[in-house]
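Both complexes shown next keep chain A, but they swap its partner, so chain B is in the first and chain C is in the second.
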Partner chain A sequence: MRTIYSIAALNVRVLCSDRSALFWLLVMPIAFTFVAGIAFSGGGGGDDAPVRYALTVANMDEGGRGEELLEAIVQSDEIDLLMVEGDGPDEEARLLIEDGDRSAALVIPRDYSEKLSAQDPVELTFHRNPERMNPLVTRQAVERVIAKLNAEELAERAIVDAHESVRGTPPPAKELELAQAIRAFVSEELERPSMTVAVERLGRSARSEMPDMGFQHSSPAMALMFILLNGLMLSSMLVTERREKTLARLLTAPVRRSEIVIANLAWRFVVGTLQLWFLIGFGALAFGVDWGDSMLALAIVGGAYVAAVAGLSVLIGSLSRSSRRAETLSLVLSLTMCALGGLWWPLEITPKAYQTVGHFIPTGWAMDAMHNLMSRGYSLSGAMPQVLVLLGFAVVFSAAAVAAFRYE
Partner chain B sequence: MKALHIALKDLRMRLRDRNTLVMMLLLPVGMTAIIGFAFGGESGISTVEFLLVAPEEGGFLVDAAAGFLSQHELFDVERASEEEARRAVADGERSAAVMIPEGLVDSFLSGTPAEVRVLRDPASSIKAGIIQSMVEQVVSSVSAGSALGRGVFETLDKDEPLSDSEQLALWGWMFMWMRDAWTEPPVSLDTADADTVDFDVHAYFAPGFAVLFLLFTMLTSAKTIHEERESGTYGRLMAAPLSETSIIAGKMLGSYVLAALQILTLIALGSLFFGIEWGSHPGATVVMALVTAAGATSLAMLIAAAARTGRQTDNVGTAFILVMSLLGGSMWPIEQAPEAFQRFGRFTFNYWAHGGFKKLIFDDAGLAGITQEIAIISAMSAVFVVLAVLLLARRRA
Partner chain C sequence: MSVEPIIRVRNLVKRYGELVAVDAVSFEVAKGEIFGLLGPNGAGKTTIISILSCITSPTSGSASISGIDVVTDSLTARSRIGVVPQEIALYATLSARENLMFWGRMYGLRDRTLARRVDELLDVVQLSDRASNRIDTFSGGMKRRINIAAGLLHRPDVLFLDEPTVGIDPSTRRSILDLVKKLNTEGLTVLYTTHYLEEAEFLCDRVGIVDKGKMIAVGTRDELTESIGATGVIEVRADGLDDAVVDWLASLPEISQAARSDDGLTLNVVRGANLLPTVVDRLTSSGVDIHSVDVTVPNLESVFLHLTGKRLDEENDENNRRD
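After this line comes the complex of A and B, so read on.
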């Protein structure tokens, strides 16, 4: 035990004295978390603000009703309008969508107000890029506003037609009175609709306000990514020790092979764990990330993941003949596992087959566990399946590392 | 001529190194394949599956709502009990569930309050949001119809109480009237799917990854200035009848040829493996590739010149390249980022290099269409080279 401690402590000291290693362990994950957090925010105005979607608008209406429509859309709290001005804004808006610069555009025609006043049907055009998701949300927000508008517009016609149908044509004075009455009724009803939608978020967010995206996703994802990237890159240190014969020298010391492998696993585990807790602390303090109700569960999930990464790192170090080879292999494996495991984009939007592949590797399970703890509010027992799988990876990688380990 | 010898020597060494080849070709092709696997479906995202909890005898409104919710090919709706729905959503098996209350028809006819409930998996930020938005649209439309219908009854009844026979007649009339009115409403929304060039996820990401890994390869190549110094071979070169200018020029030339080979090979592999059509102007594609290679070579050389050791070149350079690639959209669609984020991206080499290729592929631009990208990258290259030479000269002094 003492031997293991000595070898592990020495390696940790060596690593901590290396400024570039500390840069990669601590600074780069924060930089990436910050950039990815801003990028994933979807344009939200802050952690607590609802996610807002951009809608390009070409308002060519020559009356004032187009402006009223846009005000109603903005009041939905979901949409930010990006106005297109100048000559031929409708064409420009269409081109912006076609060129892929924007996702959706609403075109209000010149005669919008005129046709509404004349009770003639009027058609707005909604250009969308069918490959993107944003238009699904923006179009529905516009449709909601139009539904209300239509009800108000139809009210006067409906009451006159209904009166005609049941009691004959109303005199002009009566027509005006009825129109005013129904308009007032419909407007009031639409202000306080009888049918409403209640959103119930299950899990932890049922008890507390949590941001949907941004840092809440980027912090755990980037922490897992850099633990993996840095952990695997440390594999080259084992190759360096072999190349410089320091491992061979240990043959003359009373140290067992298993002790050397365990020491190598142990110090990588310690470094990974320290890195994880630094990033958890920084995420909570600087970015306001909510890491869940159970720190114990987070520690066990993190520990199991770091153990799997440490095992894989020693395995790569044992199999590689040169530091370059170890680094290249580490980079290939890290990037592949990050992409497949849902660290770069949520697995929920990928095909089923992709999600299945993502669960053949530790990153997919680790990200699931993070979701379970941070979003769904699971305790340790709820994250146990992921912990067991991650420990399984750790055991398999470590056993393979022991088998592949060589002094020279 | 001497510079050419040094360039050829460096080139031979790089091409013999299997690790370099992995970085040059395998990683960009592999990452493009993974992205294609993730987002290569017809709609770009996988099906949005959700559960519908509705009373057995829910009436025409529930059937209409269920029909509407499942009409889009993107959605896949299944009926479930409340207990099943809560469990499935809480466990993340479904992104969301929609619960339609008893008495929805009563609410429609009489205005009694009714609440449609959307259960959301908190770990699903995208799909659950889409479902919620869709339900809000349906409820809003139904609610508006209800307000209008009740408005007619209420107003006529207030004017003069409706007899039973009038009420019955009005119901029938109202049903037909609303059906016709909603067929051609005062304001309608015509959805026009943009005639985008068939969006090919491979074609979008392949140039981005090509630029990213081109920079990595160039960094490895530029780093040899320090490696040769550290191993003493640079000193030996200086002992030969060679000027330092020839050595630096040789190294830059070797790097540039390697960069050009890499990006042209990646373009060929993109066509071969993923069927990417790099536009219909091959000359413009080649020019864009050669200009991009020059930009990457000069940028990497500047990083190496600014660093003191090979290790520092590696660390600072890799960090710089990764951050620049993230900001410049080499790793993800920057068009979906907030506007301010995109403005930052414009300061990166990656933004303009990827942008040029996107214009060639998606806009079928010719050389004239990418002059802005070519001019900006060329200007960047010139600045990078001058700065690199100045820094190397200062170090020598």
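After this line comes the complex of A and C, so read on.
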């Protein structure tokens, strides 16, 4: 145990004697996290004024009720109306949406007022572009207004209809006045409803300030990337040890071969773990990153990933004949795994086949696990499948490294 | 009961595929001896040391250190030996002290004992003042000295030195040879490989001559030189030698071997005190331009010449050219 510790400590010491290595381990990841974080941030904004959405409207109504509807929509204070004029405004509005120039449009038909007066069902048309968020909000607002208008309408009509069906005659002026009053009452009451739902935000996103989505992705992604990149690059130190014959010299001392191999895996694991927690700490303090509810879960996911990287690093070091080759192989492998594993762009936006490939390599699983813990709010059990797969990678890589380990 | 030899090697064989790097080598080294393995490049010296120091396992045969088998009980065997590899096997970016501290730990030294031993050895190799400098700032000779110190920290019974003077200047070389002699007088047994016969003659109590994986002769310097039956050696430095004249000289009954070197000719003389005029006559008459002629007593070079028909340095040169 002491021997393993001594060999591991020596290697860390050798690593630290190389200033540029420390730069790559600690400074570069932060720089990349920063740049990628800025790139992925929402951008702009900053002021807290409520967001207003635009709704394109083609009002073809020949009566006045259409205007009333639009008035009510504007008063809801969330929506700006963009009116389409000219002949055939309905066709014009359709084209605007179809071509992607606007995201949502409301078409009020010619017979809107007429049908309302005749108490016939009326159909409004809502065009939407499915790629935009905007229509969801505008449609909700329109439906809210319509529901309110329906309720008012219903209140008035209830009195009139009830009179007719009970007495068999149209209601006199006095009754109609009453109906108007009830309508006004309903309209007013709906403005300040007696029953509301109070929404209270709980859980971690309520506790911390809303994190910046850019860093929320770039911090774990760049941490995983540099742990992989730096970790694999450490493979060349094993080649150097063989070339300089220090590894063979170790064999002449009373040291077991297993101790040498374990020490080589162990110190890479330690360096990767230190790097991980440095980047986690820095991300939390400097970029306000929310790393999820459970430090333990984060430690287990990170540990499994770092172990896989350490095993692969020793494997590459054992298979490479020169430091140059080890470094080239490490660079190619780690950059490929970053791209395929969703560290540079989310796997969710890639084709199915791409996502499948991403799950043949540790990075894909590690990124998944990070997202589960950080964004989806899962606990450790939610990231367990990924942890098991990562541990599997660690075992396979380490076993291969032990088998391939050479001293000369 | 006879005294157990500290190193015992029996019928050691190491094959690398077709190549037989070590071919049925046997020898013993007694406690307190300096034993030399003398041979040209590629003779198999490092391979023998590698097997003895448990880096490589033998194809067949056995080797033991103080009666401990290097294959079956390698961990114990390794704690008894100190190994100074042919290469500077040190961590170049760490200081001399850090290196020695590390190698000491590998032999189980800790804390105070470790620090004391490191100081002692820095003193022995006269590098105390450079202890905290990085190895890669050292000269070749300084690196060699730290390389040796790293093999001595745990006070081994026996020290293996594999060509420790390669590539360093004569004065440093001399100081390393003196150091080895001094350590030996303090009781250390030494196994020393070299392809410089002067080193073997200066240092070693007994020498094993190795060529192409085979141990072709073992003994003290005197035993070896007597064994070849030569009474003298004629060394000629000359230009314009050709094979015909060398062959003619070799065919003389008084001459047992004749071999060319870069700048002349070496003749092992079996008998006949008045051979010199004959040789000089023959050389001048065939147009050879003689610069100098030396008559000496036989040395290890003569032994190597006798056994292989080649000069040791000629072998080395050939191999060096091949490298």
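The definition used in the following text is that the second predicted complex is superposed on the first by the 238 of 408 C-alpha atoms of A that agree within 3 Å, B and C clash if a C-alpha of one lies under 4 Å from a C-alpha of the other, contacts with A are read in each partner's own complex, and residues count from 1 in each chain.
One rule holds for everything that comes next: a residue touches a chain if its C-beta (ideal position, glycine included) is under 8 Å from a C-beta of that chain, and two chains touch if they have at least 3 such contacts.
Every value quoted in this text rests on a predicted model; they were computed, and no experiment measured them.
A.B. asks: With the two complexes superposed on chain A, say which partner A:Val396 touches: chain B (first), chain C (second), both, or neither.
C.D. replies: Touch status of A:Val396: no partner.
A.B. asks: State whether A:Ile146 touches chain B only (first), chain C only (second), both chains, or neither.
C.D. replies: first
A.B. asks: For A:Val12, decide between first (touching chain B), second (touching chain C), both and neither.
C.D. replies: A:Val12 sits against neither chain B nor chain C.
A.B. asks: A:Arg324 in the overlay: touching chain B, chain C, both, or neither? Say first, second, both or neither.
C.D. replies: After superposition on chain A, A:Arg324 lies in contact with chain B alone.
A.B. asks: Name the chain, either chain B or chain C, that contacts more residues of chain A.
C.D. replies: Counted on chain A, the partner with more touching residues turns out to be B.
A.B. asks: According to the stated criteria, A:Leu250 is in contact with first (chain B), second (chain C), both, or neither; which is it?
C.D. replies: A:Leu250: touches chain C, not chain B.
A.B. asks: Looking at the overlay, what does A:Asn134 touch: chain B (first), chain C (second), both, or neither?
C.D. replies: first
A.B. asks: What part of chain B is in contact with chain A in the complex they form?
C.D. replies: Going through chain B, the ones touching chain A are 17, 19, 22-23, 26-27, 30-31, 34-35, 37-39, 41, 43-46, 74, 86, 89-92, 95, 104, 107-108, 111-127, 129-130, 132-137, 139-148, 150-152, 154-156, 158-160, 162, 166, 169-170, 173-174, 177-178, 181-182, 184-196, 199, 311-312, 315, 319, 322-323, 326-327, 331-332, 335-339, 341, 358, 362-363.
A.B. asks: State the interface residues of chain A toward chain C in the complex, per the touch definition above.
C.D. replies: Contacts found on chain A: 2-3, 6-7, 10, 13-14, 17-18, 244-246, 248-256, 407-408.
A.B. asks: Can you list the residues on chain A that touch chain B in the complex?
C.D. replies: Per the touch definition, chain A meets chain B at residues 20, 23-24, 28, 31-32, 35-36, 38-39, 41-43, 51, 54, 78, 94, 97-103, 116, 119, 121-134, 136-137, 139-144, 146-151, 153-155, 157-159, 161-163, 165-167, 174, 177-178, 181-182, 185-186, 189-190, 193-206, 210, 212-213, 217, 324-325, 327-328, 331-332, 335-336, 339-340, 344-346, 348-354, 357, 371-372, 375-377.
A.B. asks: Along chain C, where are the residues that touch chain A in the complex?
C.D. replies: My answer: residues 50, 53-55, 75-76, 78-79, 81, 83, 85, 87-94, 98, 102-103, 105-108, 134, 150.
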